[in-house]
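Next, two complexes with chain A in common: one pairs it with chain B, the other with chain C.
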Partner chain A sequence: MSKKILTVDDSKMVRMIVTSTFQPFDCVVVGAADGAEGVEVALAERPDIIFLDITMPVLNGIETLAKIRATPEIAAIPVVMLTAESDGQRIGMADQLKVSGYIPKPFKGEQLIELTKGIIPLALKAAPPKAAPAPPKPQLPKLPLPNR
Partner chain B sequence: MSNVDTLLAKYKIDRPPENVLRLGKLIQGAFASNVQEIAAIIKADPALSARVMKVATRGRDIDMDMDSAVARIGVHQITLVVLTELLLHAVTKTFATMLSLVLEAKDVPNAGAAAVTGCIRFEGQANGRVFLRIPCGAAAAVVPRFLGQELPMAPAELLPDVVGEILNIVGGNFKSNLVDAGLSCSLSVPQVNTRSGFSADAGDDEHHLSLSLGAEGIGLFLDLIISPLANQLNAQK
Partner chain C sequence: MNHASEITIGQVSEWLTQAVQDVSGTMFGLAADPAAHADEAASAGEVLVACIGIRGGCQLEVAMCFPKALASTFASLSLEVPAAELNEKMVNDVAGEFSNMVVGAVKSRVSDMEVTCVMTVPRVVRCIMEASDSAQKVQAALAVIRGSAGPRVEASSGPSRLAFHVGAELLRVDLYF
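Presenting the complex of A and B:
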């Protein structure tokens, strides 16, 4: 069954990179541009995993994580922090809120895949079935050329 | 093992390199240390030593020992040089990881040419701003490396977003190093625009250091401006 991944990041670029990273896998990536929108999308889409930035407008990543954990319908969804803020204080706050992983930016797509595979099953997309070979064109009988 | 080390191990996060930790300690203790102590820490780091010497001698071929260099340029300039090293660490790490580019200090021509310029401010116990400038002509080489996929539009149209995000990552990394060094601060959202003829507009009491970096035909410019740290550090004590 196809998995659903939510990326919450105010950077369109990061959302694009996350989407492109999981493109070979049987999953759907949905995005949100700030923490408040992230909670709304999580409630509507019920993703299997959430990648969450910290520095965002409206609701920052730590506040968003606290809200997710306090909302029973989505409280159990695994959350991985994907953020440039990787000082001891921030990691400690995220740890208190039971994150499943912490990836400091800059990051490589392989890190996202490896960590995700350890949290939810991830399968490659099935190769599209090979198209049946086109039927041979009907051969017209060779007729003698008229003499002109 | 400290609490932070335990968390880093739990989440498999690399510990900051030793030189970054050492530089952090240097900033923390710069105002309480004497010249010899500061010079001893700087001497342990060849890149930092070279940069301090360059600033102290103003690039001229003068024979000077580290104690004299530290005494000559003063603690504010030392702080600027150390912060620049921390910033450089964040920039080179970001470009190596996200763009597979190993940047080196390099003279980049046409410093005044049109460039996408991003600025991010840090405020708190350390105050200042960082400028990152990437010439518009480098868009075709930089943008696909960063996004690593088929682009939805021309690279030049995406360059401002890419510069903003690179600066966001660099700023976050730099800030984490400052926080781990005991200088708590917050970051602004990056401001990005395209312009020619850059001027950093440093104030009279501010310190400014400018660098150019490059690799594989791509050049960029980095400027760091800081306000004096002394008041904040004294207030902290």
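Presenting the complex of A and C:
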């Protein structure tokens, strides 16, 4: 069964990068542009893992994480902070809310994949079945050339 | 005036320089080489000014001036969209996120010195600049975010400037500390 990944970030660029990073894998990526929307989408989609930014409008990442952990239906979903704020203070706050990982920005797609593989099973998309070989073209009989 | 008296403008400039190079290289695969005579660097033409600040125990405002062509290049690379298909919102978003990552790295360094501070959400303003009025236009762009980012202590000095060659373009960074 396909895995579902939720990326919560006010930057469309980051949501696009997360989507394209996981494109080769058997998973679906859904997005939210702020913390409040992130909680709504998490409740609707029940993702297998959430990537969460910190600096966002409406609800910041720490507030969003606290809300997720306080909502029984989604409290157990692993959350990885994907954020430009990687100081000890922020990491400590996220740790208290049982975050599953922390990836500082700027980041490479490989970092997302490696961390995700350590949290949920990730399988590559199955290759499409090979098309059956085309039947050989019939050989047309050679006609004799007319005499000139 | 900053309460974190151990943090100097020189240190912040160093952190910013490293962060710009890191973000440009890691996210976009482009080198950002510090330009000589940054103080004389002026932006001209259509420019996106991404404004972002740090508030609290450390007060800092950063205005990153992206020539439109450079911002479009960053957007095209990161969104995997040909330049002709980009719209303003996409390009603004990428400029904002670039500034978020750069200033986020600086904020993390400041916080690790046990100075409590928060980062503002980046805002992007577009303007047409000429070399002679770029400083005023940057000030006007910063005024846009000051309205939404809350009160700040006046900077103790005028802007400090960094500049980077990214390909054929010049990325200018004004900081108020």
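Annotations for the structure displayed:
Note that the second predicted complex is superposed on the first by the 134 of 148 C-alpha atoms of A that agree within 3 Å, B and C clash if a C-alpha of one lies under 4 Å from a C-alpha of the other, contacts with A are read in each partner's own complex, and residues count from 1 in each chain.
The working rule: contacts are C-beta pairs under 8 Å (C-beta built on N, C-alpha and C of every residue); 3 or more make two chains touch, one makes a residue touch a chain.
Small disclaimer: the values here were computed from a predicted structure and weren't measured.
If you put the two complexes together on chain A, you find that chain B and chain C bump into each other. By the touch criterion defined above, A:46 lies against neither chain B nor chain C after alignment on the C-alpha atoms of chain A.
By the touch criterion defined above, A:107 reaches both chain B and chain C.
When the two complexes are overlaid on their common chain A, residue A:57 makes contact with chain B and with chain C alike.
In the superposed pair of complexes, A:87 makes contact with chain B and with chain C alike. Applying the stated contact rule after C-alpha superposition, one finds that A:11 touches each of chain B and chain C.
In the superposition on chain A, A:95 makes contact with chain B only, while chain C stays out of contact range.
Of the two partner chains, neither chain B nor chain C is touched by A:117. 11-14, 16-17, 20, 55, 57, 83-90, 104-108 are the residues of chain A that lie in the contact sets of both chain B and chain C, per the superposition on chain A. Touching chain A in their complex are the following residues of chain B: 3-4, 7-8, 10-11, 13, 93-94, 96-98, 146-149, 158, 161-162, 164-165, 168-173, 175-177, 179-180, 187, 189. Of all residues in chain C, those touching chain A in their complex are 22-23, 26-27, 75, 78-80, 90, 93-94, 96-97, 100-101, 103-105, 107-112, 116, 119, 121.
Listing the residues of chain A that touch chain C in their complex gives 10-14, 16-17, 20, 55-57, 83-90, 104-108.
Only residues 11-14, 16-17, 20, 23, 55, 57, 83-92, 95, 101-102, 104-109 of chain A touch chain B when the two sit together in their complex.
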